[in-house]
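Next come two complexes, and both contain subunit A; in the first it sits with subunit B, in the second with subunit C.
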Partner chain A sequence: MKIAGEQILSAPRQSVWELFNDPNRLSRLIPGCEKLNVLGPDQYEGTINVGIASVKGVYDGKLKLEDKRPPEHYKLLIDAKGKQGFVRGSGTLDLEARDGSSTIVKYAGDLQVGGPLMQVGQRMIEGASKMMLGQFFAAADAELQAAAVGQVARQGILVNFWRYLVRLVRSIFARA
Partner chain B sequence: MFPASFEYHRVSSVKDALALLSQFGDEAKILAGGHSLLPMMKLRLAQPAHLVDIGAVHELAQIQEQGGRILIGGLATHHSVETSSIVKAKLPILAECAALIGDIQVRNRGTIGGSLAHADPAADYPAAALALEAEMTLENPGGKRKVKAADFFLDLLTTAVQAGEILTQVSFAALGAGTGGVYLKHRHPASGFATVGVAAVVTLKGTNFDKVRVGITGLGAKAFRASSVEKALAGKASDAIAAAASHAADGVDATSDTYASGEFRAELARVYTRRALEQAVARVKA
Partner chain C sequence: MAVVPKFVGERIKRREDPRLITGTGQYVDDVRLPGMLTALVLRSPYAHAKINSIKLDAAQKVPGVVAVLCGDDLKDKVGSVPCVAPAEHVPYHPVLAQGKVRFVGEGVAVAVASDAYIAQDALDQIEVDYDPLEAVTDPEQALEAGAPILHDEFKTNSVTLASVPNPAVDEAMNKADKVIRFRIHNQRLAPVPMEPRGVVARWEPGYKQLTIWSSTQIPHLMRSQVADMLKLGENKIHVIAPEVGGGFGAKLNVYAEEALISHLAITLKRPVKWIERRRENLSGTTHGRDQIVYLEIAANKDGEVLALKGRFICDMGAYLQLLTPAIPGFSGLMMTGCYKIPALAFDQQMVFTNKMATDAYRGAGRPEAAFIAERTMEAVASEFNLDPADVRRKNFIAKASFPAPTAGGLVYDSGDYELTLNKALDQIDYNKTRAEQAAAAKEGRYIGIGIASYVEICGIGPSALLPPKLKGGGWESCTVRIEPDGKVTVLTGVSPHGQGQETTFAQIVADELGIDIDDVTVVHGDTALVPYGIGTFGSRGTTVGGPALMMSVGKLQAKMKRIASTMMEVPPEQLEFRNRTIAMASDASKSIALQTVIEAAYGYKTVIEGVEPGLDATSFYEPSACTFPFGTHVAVVEVDSQTGQVKFLRYVAVDDCGKVISPLLVEGQIQGGIAQGIAQALYEEVKYDEGGQLLSATLMDYAVPKANMLPHYELLSTVTPSPVNSLGVKGVGEAGTIGATPCAYNAVLDALKRLGIRDLDMPLKPETIWRAIRDAKKA
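Then we have the complex of A and B:
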């Protein structure tokens, strides 16, 4: 499955880069992330509890960053497994300064998904990924805006889902 | 293909079901027809610790007409909607939509409330509920609240139904004179789900559109109203349909999978929107 897209975050590129390299802050932004530990330089292991409606599952995985070019690019390798299937693949993240105070985040990835998850969820996996990415970026934007004024944003699945809906509604009106 | 173990509770009233939901919270799921929940449980994608079976709450399966509205209980099966004389007479588009769901086994067991509350991105009913401006009744321990279809579908598998609530009734305004509706779908050959499904409901004043409502399912993460199509037709005659239908997929992040690419789905949405609108107009004129 291929995923690609872009999002605008309201912070300068350097701040976005720092956020995307800080496992402690990232772990609070990733929907359902229960832990994200540092294994070595640019290597992490973590646990995500994915829950969309009644479909729930715990996935353990490893994450590796490669080809780092601060503050604009890295490659991401992911290998995660849960009782209901596995997700493996790689992706790239590119940060482009939009202006002094906002950044365009471009992401692209190719994921292999297998196991029971694929049997019944094939139709849903892309939608679920998009939904989680949407929640992640909404949370990241809140985190960056709060950090800019020296605060820590409140994070949590419900708060982030709410932010995500607000962004969704705004984007719908922006189109109209 | 065995589900994880769970406690089974069979209730005989909505009140008892709500009590169990508030007792077990996140661990409990409502079981209606079981045609979405049970397959997920067999693959252990869903592992609720408690199933609350509302199958014996017979009043939830009723279909009745009251003051110009058609009230369909959440437990009404697709087959009973498809064959109901009230629905066939007053909301033929909904009977046709029900008849196109899955296969006969699914229609015999699956329920309208279950389908809407599950909010599968390719389910058929959501498109019709949006185009018919249905109103969902949600019951919770504090009472009842009503949610319009336009505010009901939030995202993939996510609706306005809160934890501890049950979708007990779906209410539709009967189609009046000068109004016609059609539901068309491109059927996924294996699952029977809608690759894309379009419900069009039009009201004509003379030869021009007075009101147009288009609901589309299958294209993105959730069913939606194609408001750009509706706006493009306001006050126009039916020769404006082709141009308006070209906006059917505007602004939607179309789903791609191994069967249909996003581009193909978007094209299906435009073509089926045009056909559904043309057929709906033909129905009003007939």
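Then we have the complex of A and C:
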């Protein structure tokens, strides 16, 4: 499965870069993430609990960051598995300063998904991953804005996602 | 006493059905034995991976779990899953993976517990450490240098390369007005029997006797192979094929679980049951087809086809099952179809890929052949702007030419191909339908007429045609026993699972002995009761099993005539069986009750010189040749240019399966066959992604057609008896499948012809058609 896209986050590139390198904050932003621990330099292990179609499960995995060029690029290697299948692959993250206060996040990945997760959920899996990415970026944006004024983002993922959707709809109409 | 009616040729309702539709038949899952355990198999989520380690201890500690094993525990205890067909590279095929997994769904470990829920809990506790390897799912890529190798010992993914060269083909190619070339892909299909596979095994330690209940088409052949895998005497294994809820070739096999579950029952000294789940069935039961052919057709402007040449690439999957490499051969030999094409050459490259093994699936090689032949006719018609019906007429083997030798080296027994074509076209009113098609085109509608004339090879067959390593030949056995009370028991070596021989064989016996059909019971699928038999596949049940039945009936008739002739003091050759008597042919009033003769045979109070007591005869029938059923299917479809949806307007099938024992059963077989053939043309496809993940692993994704996706069938027939056997029958189990795929395909392509669309890959799902229409309109 190939995924690719871009998102604008309303924070300077350096702040976004710091966020994407902070497992503590990331673990709060990733939908279903139960833990994300540092294993070593640029190596993490984590647990995520997600349900796609009728396939609900807990996946344990390892993450590795490579080719780091702060504050603009890294490559992410992922290898996760659970009773309901596995996800392996790699992706890239590129940050471009849009202006002083916002950043374009470009991501691309090539993932191999297998097991019941793929066999039963394959028709849902792309939609579900897009939705989870949307939730993640909404939460990340809220986190960055809150951090800018020295607060911790209080809202849950769903509220943030809702705000993200509202903004998305507004931006569509603004463009028109 | 009432006159006994005749049964052969009558519309007799299937005698199997009352128990099946009232839920009183017994399938494997209905077998319940005291102390029985349930086994579940853990299957690989990877298409290709090295197994570093398997941790079973946590699973073994789950309360209620009796045993958890993996492949390494079975080394030297259970032999390789067998392939009896010849191939250059036949890999070792362990019942549970050892060291490496090679397709999604391959068994890795087994858990045995007091019930399925506990066994599932145990599976969840097994930890397998895999090292994923690159997978290859495209057979053409698998042959390229640098492709991941499935079986390291062979250093290649080639299973075997079989070549049938012919210099006459090249000559014809040079001489012909035109050489037409294109590629055909008969996609991978799943047989999807309604009842998945299942095995129950019981070991009786005191008797050292193993009983296996398995949902199989070949109880005896399976017994021989499992005996070999477990190193047990065949006389120590009793195989029962109870009700089998569909086989379609997928159960013409010997599977890992048949030996594995037996091994577990023996070592645990408890009965063990394993019932396949649907996702296992779609990933771990043999698939069919998956054959690419690069076709070259040498043809002249008048439509005459001079030669065919095919380069086949056949996807065998990761391992070879019982007959895997034998299937493509039929496609090559039969690809000239019902046409007198004088020259044929082909080579077949069979390839390992990280997918489930392919093997026989309803038609087994012949649907591919018919598809090639019928695409050939359409291509020639298209190329030279001829009517496709005329091109067929031009090339048909003439009625007067039978027995007809073919370019493939076969001899077709009998046939009248043009008759079925004419009958089908009359029924559809061909000229009128063509006019309607043209009128509809003016309104912007896309109507297509598809024709497919087919011939297939059945009644297999002379034993020399079967793989030398197969334990058993192409013959069939039958015992007929007339019991002392006059009731008749037939024990047949075929193993019907929907074909209805409990009905047809009873019809035959009733007529032959002049008794009622209710006086006959047909027993099958039990190796302790039935003499060694070969089983049901390749439309051979009645074609080969029937003559064996006739031989045994004949022996008993001769014996009873001798007894009657002694009692009546008339020569035996003047006697015949009629209305529960043995009577003089010339004078029905001179007769003796059948029961009197039966009692004489059993009571044996008067010794008749040269006649043994009892009425029991066993025969083994070895066919002298194969039979070749044929027919023509014609479909009229309308394609919705907005959605790509195909709607059937008409579907006419004219089939000739020789003499018909039961018209009702023949119609049933043809209807089911057409449904599966249309499914290949329009709906079904086993799909793996590039990494070898199975995407069609559920019935949400594998498109078995529903009733509303199929046409109303107009079924007609012609009768050309086969000279090969005493019944004149040809076989009908696969005919529908073979005719329907090219028929439906040709109809859709005919509808799209005016857009310049000549070639699309099956299945012709709405998306494929919609895209083709869009692209054609753009161009």
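Some points to look at:
As a convention for this text, the second predicted complex is superposed on the first by the 149 of 176 C-alpha atoms of A that agree within 3 Å, B and C clash if a C-alpha of one lies under 4 Å from a C-alpha of the other, contacts with A are read in each partner's own complex, and residues count from 1 in each chain.
Heads up, the rule we're going with is that a residue touches a chain if its C-beta (ideal position, glycine included) is under 8 Å from a C-beta of that chain, and two chains touch if they have at least 3 such contacts.
For clarity, every value in this text was computed on a predicted model and none was experimentally measured.
With both structures placed on the common chain, the touch criterion links A:R98 to neither subunit B nor subunit C. Contacts of A:V113 after superposition on the shared chain: subunit C is touched, whereas subunit B is not. Within the superposed three-chain model, A:K56 lies in touch with subunit B and out of touch with subunit C [touch as defined at top].
By the touch criterion stated above, A:L165 is placed in contact with subunit B alone, subunit C being left untouched. Residue by residue along subunit A, subunit B and subunit C are tallied for touches, and B comes out ahead.
By the touch criterion stated above, A:A128 is placed in contact with subunit B alone, subunit C being left untouched. Of the two partner chains placed around the shared chain by superposition, neither subunit B nor subunit C is touched by A:K68. Contacts of A:F86 after superposition: subunit C is touched, whereas subunit B is not reached.
In the three-chain superposition model, subunit A touches both subunit B and subunit C at residues 83, 116, 119-120, 122-123. Considering their complex, residues 45-47, 104, 124, 132, 279, 283, 689, 691, 693-695, 697-698, 700-701 of subunit C touch subunit A.
Per the touch definition, subunit A reaches subunit B in the complex via residues 2, 52-57, 83-84, 116-117, 119-124, 126-128, 130-131, 165, 168, 172, 175-176.
Contacts from subunit B toward subunit A in the complex involve residues 29, 37, 39-40, 43-48, 118-122, 154-158, 191, 193, 220-221, 227-228, 250-251, 253, 255-258. Subunit A meets subunit C in the complex at residues 83, 85-86, 88, 112-116, 118-120, 122-123.
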